[in-house]
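Worksheet for the structure shown next.
Think of it as A, B, C and D in the order they're written, each chain with its own count starting at 1.
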Amino acid sequence: MKKVIAFLCNWCSYAGADLAGVSRFQYPPITRTIRVPCSGRVNPLYLFKALYEGADAVWVSGCHPGDCHYQTGNYYARRRFAIFNALMDYVGFEKGRVFFSWISASEGKKFAETVKHIKEEVEKLPPRQKFLREND
Amino acid sequence: MIERIREEARKAFEEGKIEILIGFGRGTLRATPIFIEKKEDVDKLIWDDTCWINLATYLRRFRGKKTGIVAKGCDARSVVALIAEKQLKREDVYIIGVPCQGMKNEKGEEFLSCRYCEYPTPPVYDVLVGEKREGKKENYPDVSEFESMPPEKRWEFFSEEVKKCIRCYACREACPMCYCEECFADSLDPRWLEPGLSLSSLQFWHLVRAYHQAGRCSDCGACERACPMDVKILYLTRKLNKEVRELFGFVTGLDPEALPPLGTYSTEDKEEFIL
Amino acid sequence: MKNPYLPVIVKVKRAYFESDDRSLKTIDVEKPEGFSFLPGQFCEISIFGRGEAPFGIASAPSEDFLRFTINKAGYVTTAIHWLEEGDEIGIRGPLGNYYPVELFEGKNVLIVSGGFAFTTLRSLLLYLLEERERYKNIILIYGARRPDLLLYREELFELEKREDLEIHLTVDTEFPGWTRHVGFVPQVLERVNPPAEDTYLVMCGPPAMIKFTLPVIEKLGFPPERVFTSLERRMKCGIGKCGRCNIGPYYVCRDGPVFSLDKLRSLPREY
Amino acid sequence: MRRIKKEAIEKKLKELAKDYRIFAPMNGDVKETGGEFEECFPRLSGKCAFLPPEEEILRYKDGKVEETPEDKPIILFGIKPCDARAISLIELAMRDEKFPDVYFLRKKEKGIIVSIACKEPGDTCFCTSFGHGPFSTQGSDALLVEKDDYYLVLGNEKFFKLFGEGEEAREEDKEYFEEAKKRAEEKIEKIPIDNLGEKLLSRIEDPVWEKISRKCLNCGACTFLCPTCYCFDIQDLERSWGVSRRRYWDSCMFSIYTKEASGHNPRPTHRERVRNRIMHKFSYYPYLYGEFGCTGCGRCVVYCPVNFDIREVLKILGGSG
């Protein structure tokens, strides 16, 4: 089973995940959730570290622009992730392993669909070889 | 040119504008940084096409003192970037701007950054020595060329280059923007990446070091020039400079008041990559 | 050639917090076969997966266990604070030199200490007391910021009852229920004003204490060659090979950690 | 002196690759090769063979400590005499009857070092200042001098047992050897080092240190490329099967090298660190081992990003300065 490290912002996406659960929306158990106060709290170093340690994919989800509990957290995050994508793609790291989304507390359905979407994308890829910490 | 620099330096000392001046003097192999504290020593200053290290990296050591710096275009932009990040006060730094003729390595080849240099004349200075020089329109042809290669080839190039690295951190110590108290690479608690020369650790080091320069790098090339193992790393930071310009319309080191791009935001930023 | 880098696996017999704020933890571990040491020596403790760090041996040579008291400060010390009874650690040692007990024969011994640097001095004190008659007067002056930071205080309260031993315990500032000295170690040293003739002084404590104690020592007339201190440094190999713990040409791990003051004075001020 | 055909040596070297690990300069650096080598002054020195940048020393597995077993013996081939001598200088620090560094010493005792004489010294070389030179045999089992299609060989028993005796050198070979040796040595600038150790020790608190060290960026380039620098770090790596304890090249120029957990750093700035590097090689080493900890190879001069030139520093502090 693939393993996706999910950084979910506490006020929106994490609540969205709760709603998905409460509403019994089915989604594959591929995510390992890390609850963060805001998508702006996610230091790109965490994404590098998650991939380095062998995650099949990383996913950061936060509030829609304008809904951020801290007003501007997701705006900062958006810039960081744009640069992260650009750099990883530039050096040739395979696409389909890094996901960003805005999911509000009321979008339980979208949360479940997004997880399904990520599973499909990650299933297409072979097991991780690039940028992997040695472990044996 | 050298005479004019010495003249400006002497004047700055006489008018009490500086207590110490960082410039280039004659070295045994090439120009070497020198630190002048007395008017009489200004005649040690020289200027030629081997002044390729970025002197701004020394400024933080003299904080609180009136410090002069003989700065080519990229050096001056690094000073501005440091001021924008509140590391230096504009009034503490006296910039003797030198329109740069482009620097060369020991084989006489012009460095990559200089070939495409857009700001040979310092955008911010206290005094300018000699006529302004026009830069070239920067459109990062080397980056576009690299981008045109297939992903596998790019990853292979990136891996082959970082394999040469021995983690002596000359790139970090030569960069004026690398001034963290404790670098993420030295942190033990948590330990982000492993020590040693395994491919993944070397990739981790060079990716995250470059990432930290997004929107802060003046493309002076000191990192690649300082590297004893000739590891190509400038193409990483030049790519980020290109991204930052396209995405956020920002060029490092032009305006001491402007916040670095990742230190601010805009509601209109593109987000097509967000689900 | 015996490999000096291989640690020996030992079990933790007791692990308990010394101070109320849980910043100091004492661990007693099994003593490996044939492990004989003298007070002042140290061991490199291995927490596999975190690393190694040097700690002075606080137990006396005659005790059947090795005691270390660890101040929680970094990567390895934090891991040591998680240790409980029965856990296994690696140790390498005994390493470094020791307090020159052979010089103390028939002489007075004055021990001045502060904070958690008292570890190896407990070992020295108990070692001297084992053959008490070989030494003349023994005086201990030991202080800390608060009573609960005084290491092994129950034991010291017991030892205070002995006539052949003079113990002065102090805390920096007034503390409810504290009846002994109040004041910094250098002040208490001046108050006690011990004679310098025929006396060896062993001093170990935080840099601030050392800084203010040195002038007092000079005033009391202690010659630098009869003053010894134990230094703390960042260490990795503990056997004088990895190069980092040098002061001048001497390695604190191999030629120290115990240095006499006159030797230290001849070296660059890098400590 | 013997003379051996070049192909004979090159062929033999490839054969020996079966039971020896061959380290030799190849496209600019000393690395492990299958027996090929390239005649050059490498950037990474022969130190890589005996003290590699990363080396596992022990493993912790299922509650037990296992020492990492030895690998095949090493042949370090084709390095310059300064690198060969550097290895024997490191050995002085590693040899110790109470705490021997077994990893380095085992490799050294079983290893063979074959150096090639330096006919064209660079202008940053100053090896003759330390009592040896481009044709020195110190620290190597054999010195080869290239002449037409064969090597003149000054070797010991260990070398000849492996590579064969070849034939007795002719009279003109010996002249050629002396002639080339003299010509090479003349090209090298000698810096004054008479009782340099004591002079440095007496000037330890001299304010000149601040001026000398100010331009140093405190990177590790000079120490990593220096053939006599042996400082190392030890760290634990977690693996699926347990823990691998490894040692890595470290540098006294890094601040974390001496930074204590409390934050205190006995060598906090570039001044103390540069002073320590120079004192270690030119004052402490002679004091402890009777030899300077430097072979005058000049790498730290060539590869320093800010052209910190140790020859100038030694002139200022020791000789005419």
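In the analysis below, a contact is a pair of C-beta atoms (placed from the backbone, for glycine too) under 8 Å apart; a residue touches a chain by one contact, two chains touch by 3 or more.
Given the structure is predicted, the values throughout are model-derived calculations rather than measurements.
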Across the interfaces A-D and A-B, which one involves more C-beta pairs in contact?
A-B
When centres are defined as mean Cα positions, the distance from subunit A to subunit C in whole Å is 51
Between subunit B and subunit C, centroid-to-centroid distance (C-alpha), Å
48
Approximate Å spacing (C-alpha centroids) for the pair subunit A, subunit B
33
Mind pulling the residue numbers of subunit B that touch at least two other chains?
194, 198
Please set out, as single numbers or ranges, the residues of subunit A touching at least two other chains.
134
Where subunit D touches two or more other chains at once, the residues are 233, 235
Let me make sure I understand the interfaces: which chain pairs count as touching?
A-B, A-D, B-C, B-D, C-D
Subunit C residues touching subunit B - in the complex, by the definition given at the top
74-75, 78
Listed in rising order, the residues of subunit D that touch subunit B in the complex are 43-44, 53-54, 124, 211, 214-215, 217-221, 223-225, 233, 235, 237, 246, 248-249, 251, 254, 256, 301-303, 305-309, 311-312
Can you list the subunit B residues touching subunit A in their complex?
146-147, 150-158, 184, 192-194, 198, 200-201, 203-204, 207-208, 210-211, 214, 236, 239-240, 243-244, 247-248, 261-262, 264-267, 269-271, 273-275
Name, in rising order, each residue of subunit A that touches subunit B in their complex.
44-45, 48-49, 52, 65-66, 72, 75-76, 78-95, 99-102, 114, 117, 130-134
The subunit C residues in contact with subunit D across the complex are 1-9, 48-53, 73-75, 77, 88, 90, 207, 232-234, 236-237, 239-249, 254, 268-271
